[in-house]
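Listed after this line are the structures, all set down as structure tokens.
Consider the two complexes below, in which chain A is the common component and chain B and chain C are the respective partners.
Then we have the complex of A and B:
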């Protein structure tokens, strides 16, 4: 009969576990409250005092759906711009050593440090005529997401294993386009997907830049969410928040599953 | 012979020079080498001597600053890697991990637009040649080091390269597997008939598999020759010490084939010398023995390492000469022993030699028995 070995107690590990659970509870508690507000007919009477209702959730969808679809369209457009500008930039930063490379890398990361409000204001002052067209909103989101896109892709493109495989492919007769399709893309596919999900998530949730750069025809979801908070009923705002979480949380989970912890390590 | 697609090519380096950007010293300094078709040439030297750089120049992954590189007489310096038809097996094999074994081997043929039926036929042939047919459908991630190496070689050979480059292909393997695979690899390269450049920093590996060995140091060629030539006639002290694991000392020739060194210890040399001249000798453990008959030089044991059935010992004579010797018995460090040269042994003379004079020796080098060794007793010395 096998005797199970008694593991010695690790006090620090137990405290760490308790701390992690405590922190998770503090973070998740607001979501529980928001859900209860969104499904209560009148929150002032207490949670579910008049029973359970999905009315607020249905009504809120009618209100936000145009803005939600606009936000999705905006994020996809930002992904496209990030592809066009971010991939070549990542390639250059990963594969070439040249004077000013470190400066360029630092510049690419500047938008992380600059507050979104300041970036939005700077764009409005510089290009006031572009605000109506919506280009400025795309530009703002692009500037905000580019550092994360580059941070996700550059380490993988600079990975020696990718470089070695590419060199071998070249000696086997593969020209540059074939190397990109058959060797580089399969090697960086996961990082690229993580970068795309990150850009979509950030763009969907971005408020500061959007608040300065939106126009009534082009209003992103977080701005509408803000309007609901300050003008509408609490139950309605909670229901809109739930819808917002429905967009963002799955993307964040997917990002984590793809190795999102590596993102940002340029 | 396998190479139906293309005949094995000759390779000629003509005064190749290269310096890495930002570096001041040459990585490759005016190197000229001729490699015959189907020859297996091993580049050997310490880390950073330029072996891998030379291989990368052949593959087209580095463009040299000066010189020409001819493959079958065609200057290939300006050709991109994909147009050179040079097979490349890097140290880490760089297998395409998203593809299985068959797709890895067939990758080059696919890139070159070979039709599917023809590709399948050639891949099958290559899997058979490299003895990896049983792993054909397996993911390369599930293979052992030796199997991965075979896949990398099969992948490079599948495109019928004019020259095959192998950059320390055995370095990632454990010592037992390395020895076992070494002979297999040599046979595989022989069967394929391809001209091969093989990089290693392991001198035993170099001597075991090469048709020709090139010893490099700091981007320069120190010596080129067959393994036997390099072993018996090291061109300089570096080659003697690096390739032969020898201890180099200087003695005085007392006649045309005998040199005296240290305090009266004499030995025969493996080539003629001029009486009275100073001669540099490569002393190996095979040349010496612990004397049991009271003749020999007194020496202190400096180190004694067991290497399976035999002890590798280093001793220092009273005049300070370091000698390598082996013994079947363990000796205490610091103890005093008598050391003598072995009977019928010959020491390699270090320095340039004229091949034409020694040519007969090189064809099949056999120790001569020109003179008996000279014994020196402690009393005499």
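Then we have the complex of A and C:
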């Protein structure tokens, strides 16, 4: 006989739990593998066969540090351009109803639908002379990140509570700059931070667009990672990957905590 | 209160910034790419590049390969991602928050790093073949550079995408309906088929179309893992950098862009239309 008041064993929940933990394990185990290869003197002999070493990690930093700094510089530049183009667009999308608003909204999402490799090729074929300046890299990363920037920022800017608070401030005599600093900015700070972290992470990991656009003087970190994977020793490649993960994984965790995870290209 | 006309000018100026920039950086370059791929040696319009792609055995095979990888990786990611998303976004379980974080970390990993994960796990000296060798004396399961290695890499980057897309819709699953189904004797499998999947249908379609488009455009994972198993993004890179045939690369890119745009917008639109015709009322809006 079934007892109605007691919760029977929930198959959906237990299977879901098993799948979720299974997936999380499968997704994160490779990070453990990378760490173990990166700290083994000679991987051919087996994991930690000759003891634990930090040599690969130190050596790999010497190799990648110029590229890492270039990538960070590039991502900050991209954040700046996203601010200049993205904030006015987010503002107009969030605060105004005008003919063509839906078109603008769809337009802002177009770069998501264009594969990075096609975007890179189109830029390099159209503006070949700009390759040397590194301008094309900024342009490509900007196109790639802007939809996510606008997508993170617009909902909060359009939030009625922000709008109402601003209206109250306006009736009390606060002018526009004052309202931005004291009312709007504190209210959208979290989404703005999420947007910035998102843009930096996407830009740091971007490879598909950069593949056609980089030049030997301006080489982003993922391009260097790729050549380590194709030509380098497994231990060295693992150590470089570990450095890369150190940049990206904390950012990803922070982003999920801020509620801003979005989907990029692979 | 603002004056109406200055307000209108402000809106016009602000809303034109992005379209102008996109015309310079995105639409004009894509148009140039398309026009160049159509230009013949004497400046006339020719479809020779497209004819070559569509009739060439090599490129046809690459298209089939790309399609199969995208399709299988999407199906596998959906099969494992749906139960996981249902749990993560469900009502009980203390571990849901940490699972949500763990399952979104892979989202920020670039394709090349995912490719390397496969190499380090299933490569010639990867962890798994190495461990098997230590135990049995024979190296086995070193399939990183085959179709299955690439498939695994593709599944890896699809999973967080599928889970994230589905999570938003899980709250629509009615616990009452699930309870009633169980009271009537439905098995877990039947609850999935008759309650959960129908409720999630529109977001499953969004997840599948996103996942298919991502699979078609994926370059990094394929570039690190491919040894002979060609996909379209690799053919584009090879045509441009190795064989220096920018027109051919351009033509393939245009085809690829059309495919991914169709995957992202066309599939959901078609599903909506189908739903609309079937039910005779406004279909659920997706995307």
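Quick note on the criterion: the second predicted complex is superposed on the first by the 251 of 266 C-alpha atoms of A that agree within 3 Å, B and C clash if a C-alpha of one lies under 4 Å from a C-alpha of the other, contacts with A are read in each partner's own complex, and residues count from 1 in each chain.
We take it that contacts are C-beta pairs under 8 Å (C-beta built on N, C-alpha and C of every residue); 3 or more make two chains touch, one makes a residue touch a chain.
The shown structure was predicted, so the numbers you read here are calculated from the model rather than taken from an experiment.
In the superposed pair of complexes, A:225 makes contact with chain C only, with no contact to chain B. By the touch criterion defined above, A:172 lies against chain B but remains apart from chain C after alignment on the C-alpha atoms of chain A.
By the touch criterion defined above, A:186 reaches chain B but does not reach chain C.
Applying the stated contact rule after C-alpha superposition, one finds that A:164 touches chain B and leaves chain C untouched. Measured by the number of chain A residues touched, the leading partner among chain B and chain C is C.
In the superposed model, A:88 lies in contact with chain C only, and not with chain B. Applying the stated touch rule to the two superposed structures, the chain B and chain C interfaces on chain A have no residue in common.
Partner chain B is touched in their complex by these residues of chain A: 161, 164-165, 167-175, 178, 182-183, 186-187. By the touch criterion given at the top, residues 2, 8, 11-13, 15-24, 26-30, 33-34, 36-37, 43-44, 46-47, 85, 88-89, 91-92, 96, 98, 100-101, 104, 107-108, 110-119, 121-123, 125-127, 139, 142-143, 146, 201-202, 205-208, 211-212, 222, 225-226, 229-230, 234, 237-238, 241, 244-245, 248-249, 251-253, 255-257, 261-266 of chain A touch chain C in their complex. For chain C in complex with chain A, the residues that touch the partner chain are 11, 14-15, 17-19, 21-22, 25-26, 28-30, 32-33, 36, 80-81, 83-84, 86-88, 90, 92-93, 95, 99-121, 123, 125, 127, 130, 134, 154, 156-157, 159-161, 163-165, 178, 182-183, 187-188, 191-192, 196, 210, 213-221, 223-224, 233, 236-237, 240-241, 246, 249-250, 253-254, 256-257, 260-261, 264-265.
Residues 59-61, 80-88, 90, 92, 94-96, 98, 107-108, 111-112, 155-156, 159, 161 of chain B are the ones touching chain A in the complex.
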